[in-house]
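Structures incoming, each one as structure tokens.
Note that chain A is present in both complexes that follow, paired respectively with chain B and with chain C.
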Partner chain A sequence: MSHLKAAASRTLQLAFVLWAVVTMLFLMFRLMPGNPLAAYIDPTFTEEQQQALMAQFGLNEPLWKQYLIYLGNLLQGELGQSFRYREPVAERIMTLLPNTLILTFSSLIIAYAFGIIAGAWLAWRRGALVEKTAIPLVLTTRAMPEFWLGMVLLAIFSFWLGWFPAGGTRPAGANYDSLFALYTSSDFLTYLALPALTLAIYSQGLPLLLMRSNMLDVMKEDFVTMARIKGLSNWTVVVRHAARNALLPVMTSFAIAVGYQLQGNVVVETVFSWPGLGRELVNAVSNSDYPLAQGAFLMIAVVVILMNLIADLLYALLDPRVSHA
Partner chain B sequence: MTETLLSVRDLKVSYKVGRGTLDAVDGASFDVPRGSIVGLVGESGCGKTTVARALTRVIADNATISGGQLLFEGRDLAAISEREMNAMRWRDIAFIPQSAMNSLDPVYTVEYQLNEVLRKRGGLGRAQARKRCEELFEMVGIETNRLGDFPHQFSGGMRQRVAIALALALNPKLVIADEPVTALDVIVQRQILDQLRELQQQLGISVILVTHDISVVAYICDRTVVMYAGRVAEQGTMEATLTQPSHPYTMGLRNAFPDLQGAASGMLTPINGAPPNLALPPPGCRFAPRCPFAIDKCTTVSPETLEVAAGHGAACHRADEASKLRKLATRTETWMTTEMAEA
Partner chain C sequence: MITRYKTGLASALLALVVASPTLAGDPIRSIELFTRPQASQPQEFQSAQLIAQEWRKLGLDVEVKVMPWEQMADVVWYQRDKWDVTAWQMVGRPERSDPDEIVYNLFHSTTAEKGYNFIGYTNPEYDAVVEAQRVEIDPDKRKELIHKAQEILAADQPNMMLVHPKSTFAFDKTVWKPDSVVNQSGIGIRNTWTFMSLEPQGEQKDIIVNSGDNVQGINPLWISGGVDSWIFELVYDRLARVGPDGLPKPWAAESIEFSDDKTVVVKLRSGMEWHDGKPVTAEDVKFSYEAVVTGEAPMYAPFASNIETVEISDDSTLVFKLKNPSASFVTSSLAKINLIPKHVWEPIIEDLKTKETNAESIQEDVPIGSGPFKFERWLTNEEIVLSANKDHFNAPNADRWILRIVPNVEAALGMLRSGEINFMGEFTGDPQVLLDAAEQDGDLEVVSTIDIGFRYIAFNARRAPFDDPAFRNALSRAVDRRLIVKAAFKGFAEASNSVVSPALGFWHDASVVEDLTTGADLAKKILEDAGYTLEDGKLHYPGDGKEELAE
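Up next is the complex of A and B:
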């Protein structure tokens, strides 16, 4: 019963956060200088034509009415028309979102898998030469700007060695029966490799350092000492007890990192011409394509909020103290 | 005389501290007869826990057993290989930690943690392990339907019982209990101690009970080993050491503790001062700076253990005058003078 109550209150909280985000998005775009229709309206349009267009988009209505219309449309999944593409925003976003999610999750999963294992290992080898050389190296990767790293990887693996294509998601002219066929094709993987690697190198520092410092703390815990006194194997002590406990905060950070990564994607998607939400967002803002920008922002917010929910649920799953509390 | 299970001979454990070393245990010797409970008592930092941990050879990274022998059934634990030692851990020598809260892994059920020992260390199959788990829980008086619970779902006393069950899992010959009841309130302390005593007698195991609380020793132990500043000050049967203490430190300890039975015998008298810095131990007897009976010899010559009765020894130059000193030690004024002298 208490589980259900907790889940319900959690969902309610999320709904509130989502509403706040939506409202802020609405106001933000209304407060921006310039006429939102400037890009849409041709200079040759007459004043009457312009007014008619404003009315068509509902921009002549008072702000509160616009807000209610906006909320009403959102509830029906209606995100408006893109000024630039003259097509529904929802459709546009749905074609771009998978690209972004695939890039984000593949790079983060690589980064976290590597970071967790390497972090645990470095904690175990505390004081050894590997640790002393590895830590500054990791900090260096943390300090490298991702666009620079992306360009370096492009220069080496694409332009010089020619192992991987320079950008996009598919060879020129290639067509696939469905999106599924595209995402499961080996071509797609070669296109995904460099941007995913860039993001993975950029992101692995956080889980690695977090895992390492958690491990160092957990290794001092009594139950780890007890595991040794029990005569359990090194593997059992380090992996089953120390690493298992050190993992808890790292898993939470994964969900939160997804949110950060979506921002990071903006840069990497641009460098690798990756047709994702981040790149589209930049384009939309610079082209004053308000509905599309609004929709992209909203989508990113939804993903971040969902990931936070998943983080909470995951924590309850991994830590019995949370689920039984 | 019963057979000796464990004989600690001149044990020395050193910690690397900065550039120097510190001997937390500096030549401790005592015996654990088979089937008895030996209380290792002393104040914080006297080396009692270091001795306990040295017996498992799981000690701090900066610590080493730098001398002496740990003869367990005649086999020197300090000299065998890590592999041989690991084979003996928990099967022969088990451990009950001070805080069962922190020594049980919070993310696994109690059954998982019992199983881990039973199956990985005891080589039991799934069904056998399950049976043994239930047996152990019955032994320590917890309902078997709680096996699937996580450590945080138990009360402090119950967790300590779980720790006892865990220690008994593989029928060890020796159980080292490091302050097993310190974190508990007095009523639960008694229940746990009663249970420990009962199980110890029933199973015929030997126990080393590390404690700072002399009333716990009086309540449960057969023998007492009093440690001070890394050395054994006095040892003997519990009755002899507590009714006829022959080292001034033991006399002082007795004055400083209330009875677990609750018989309040007036004011408690503290021992003034603090234990010496082990990085720079005083020459001679280490208790001399706090001892109201110290003579010149005490500050220069380190005392050998003097046998005051059969199986009862005290490392004191004036151990032969013990009966006279005991009378003086019961007076509060005796202990006041040291404070004056030091001030």
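Up next is the complex of A and C:
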């Protein structure tokens, strides 16, 4: 019974958060100064054409009515038509989403694999020279702006050494039968390498520092001391006992990190000409393409909200002491 | 009416109350000069700062107001009596090789209320001249009228013309033979002619071009973004094309002749085929011209609205009857409207007539044209692939034309050097950086040419003192254009005083540019002669002129 109630209240919370996001998105773009039609001003543009365009995009209706139409459409899964591209927003987002997801997840997996191992190791080597030099280094990578890091990697590995191409997801004119064929090709890996590395360097700090401090806490706990007293090997103590427990919060932070990463994509996708959702978002905002910008923001918000939910559920699953009550 | 009467009354009362003993008018209010931000438009921003500095020397209080394009355009375009001065720009396009669009739409009084004459310039003499050039078929007589129009503008200074920027492009000369690159007057080397004639030096036979902007659509009935036009000019043919010299020449037409000033006879080239293998017929051509005025292609409609009828007199001859004589007809209609296959578009247009949306929202999976390149593939925001149409009457020498979308301009330069692209179709960075890179690299050739487009400062003639030609003249002559060229454009521009670019050699009136003398003293003299006075370093209206717009 309590489970059902908890699930219902969770769903309600989610619905409320989504509604708030949707409303904020609607207002944000409409309260921005400027007229979206300004992007299309041209000497050959007549008054009738302007009116027709306004009507076509429903901009001639009063604000409250635009809002109701917008909500009604959303409930039917209709994200509207992009001003700029004159095509359905949903279609455009679905085309670009896979590129963003593969970049996000591949970089996060690298960042977390590295961060967890390095974090555990640094905790083990606490006080050693390597730890003293590594920690400031990690903090530095956290502080580096992503576009700067991206440009530096481009300058070194692409322009100077010529190891990796500078932008896109595939060689010019190369054709693949499907997205799967593209993503599993070796060409794709060379194109993915630099943007994924940029994001990974930026993101590894969180799991690394989290893992290290968790490990330090866990290592002080009685069961670790107990394990040592039992005479278990260092390896067994660190990996089987301490690390397993320290891993819990790190794993849930992965879900939340996906949300953060999507923000980072905005910059990295522009630097590396990556055809993803982040770059589209910037474009849509700078071109006052409300429907597309709203759609892209909404998509990102939905992913973040979903990931938060997964984080909650995962936590409860991994550690039964956490309940939904 | 009532409000005008009220303000009139109010200012009369005000005049009674504050009648001053001196003869001078009110001090001129603080003036706002609009510009876009430095981050997006560094040259415009820099120009505005320099101009404000010069104007302050005349005793004006000038405030440079920085705002993003949407906001600026919203005020300038939709609230026409709410601004004083703004920086503005016109971009060059092949169809602007005919001066009509610029000299007419920007300054004719009928476009003042809602159209492109957003500055509210009205001059009956000017109206008459630009109307006359529109219907003058004889090029030499028309040239005189175009020159006359430029002279009137130079005298009135409705706008303060600044510069015609240079467009700078580059290509890899180890991939493409340099003498196969064509410079189209006023457009630069990135043009349809170049893409058709580029000759490979070796193995690489794909033209790989970059663009910073995404492609909006490949649609022959929608005038969308600038990049899109690079593509549809290659995929679709037109009856005429604007040639490298800026003048139109027959293209899909074998010949184009005026049999009288309202009748144009077009002989169609034989043996042309659509990319799906069907022949291009006179029916298709007729359909192309009729489709744009169905209401489903509103942006192209103005270019065909002067056509009364299109008749097919035999399999390869069409007769265009015009409503009014039109001198720019070949450039603005025949070289503008894309030829589209009737068998593809007729069903689409019929279907659209029952719907709210128009042809602009149609995106064919495979656009079918008859042009020198065929559509192959479009990957959203990443690349467009076209392949050479070897059966075309002017078949390209290259194998493919590939457009890569590269929003990062530094990366685009790196790609040009590494070979990821081999033709730089757009470079928004500092041209000097490109020249330096070319020098270091050795494989690159950079070409800079004068643009048809221009940058200017628009005066709002609806608001005093900008309604006074003498005042506008003084402001314009206060600024040495060489300063703008050097300091704001780093030399990559040419000083201007005419909306008709020197790139359009036939139409450009060089004397108006040469006659533009400048200097602070000259400007002060003009103001003084017109009755403006300086008091305590502040400029005042002449006579008993009142400031009615002060806040």
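Methods note: the second predicted complex is superposed on the first by the 305 of 325 C-alpha atoms of A that agree within 3 Å, B and C clash if a C-alpha of one lies under 4 Å from a C-alpha of the other, contacts with A are read in each partner's own complex, and residues count from 1 in each chain.
The rule is simple: contacts are C-beta pairs under 8 Å (C-beta built on N, C-alpha and C of every residue); 3 or more make two chains touch, one makes a residue touch a chain.
Model, not experiment: these values are computed from the prediction.
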Have a look at chain B and chain C on chain A after the superposition and call it: clash or fit. fit
Chain B versus chain C as contact partner of A:165, first or second or both or neither: second
Of the partners chain B and chain C, which touch A:295 in the superposed model: first, second, both, neither? neither
Tell me the contact category for A:245 with respect to chain B and chain C: first, second, both or neither. first
Is the number of chain A residues in contact higher for chain B or for chain C? C
Which of chain B and chain C A:222 touches, first, second, both or neither: first
Once the two complexes are overlaid, how big is the angle at chain A between chain B and chain C (Cα centres, nearest 10°)? 160
Just to be sure I read the superposition right, which of the two partners does A:195 touch: chain B = first, chain C = second, or both, or neither? neither
With both complexes superposed on chain A, which partner does A:230 reach: first (chain B), second (chain C), both or neither? first
Classify the contacts of A:318 with the two partner chains as first (chain B alone), second (chain C alone), both, or neither. first
Name the contact category of A:205: first (chain B only), second (chain C only), both, or neither. neither
With the superposition applied, I'd like the minimum CA-CA separation between chain B and chain C in Å. 47
Touch list for chain A against partner chain C, complex: 32-36, 38-39, 41-49, 52, 56, 81, 84-87, 92, 95-96, 151, 154-155, 158-159, 162, 165-170, 172-173, 175, 270-273, 275, 279-280, 283, 288
Contacts from chain B onto chain A in the complex sit at residues 56, 58, 86-91, 95, 97, 99, 102-107, 109, 116-117, 120-121, 150, 152-153
Touching chain B in the complex: which residues of chain A? 221-223, 225-233, 236, 240-241, 244-245, 248, 318-321, 324
Could you pull out which chain C residues touch chain A in their complex? 67-74, 77-78, 90, 101-102, 105-106, 114-116, 206, 208, 214, 216-217, 222-224, 298-299, 302-303, 356-358, 360-361, 363, 377, 379-383, 385, 400, 402, 404-408, 410-411, 414-415, 417-418, 420-421
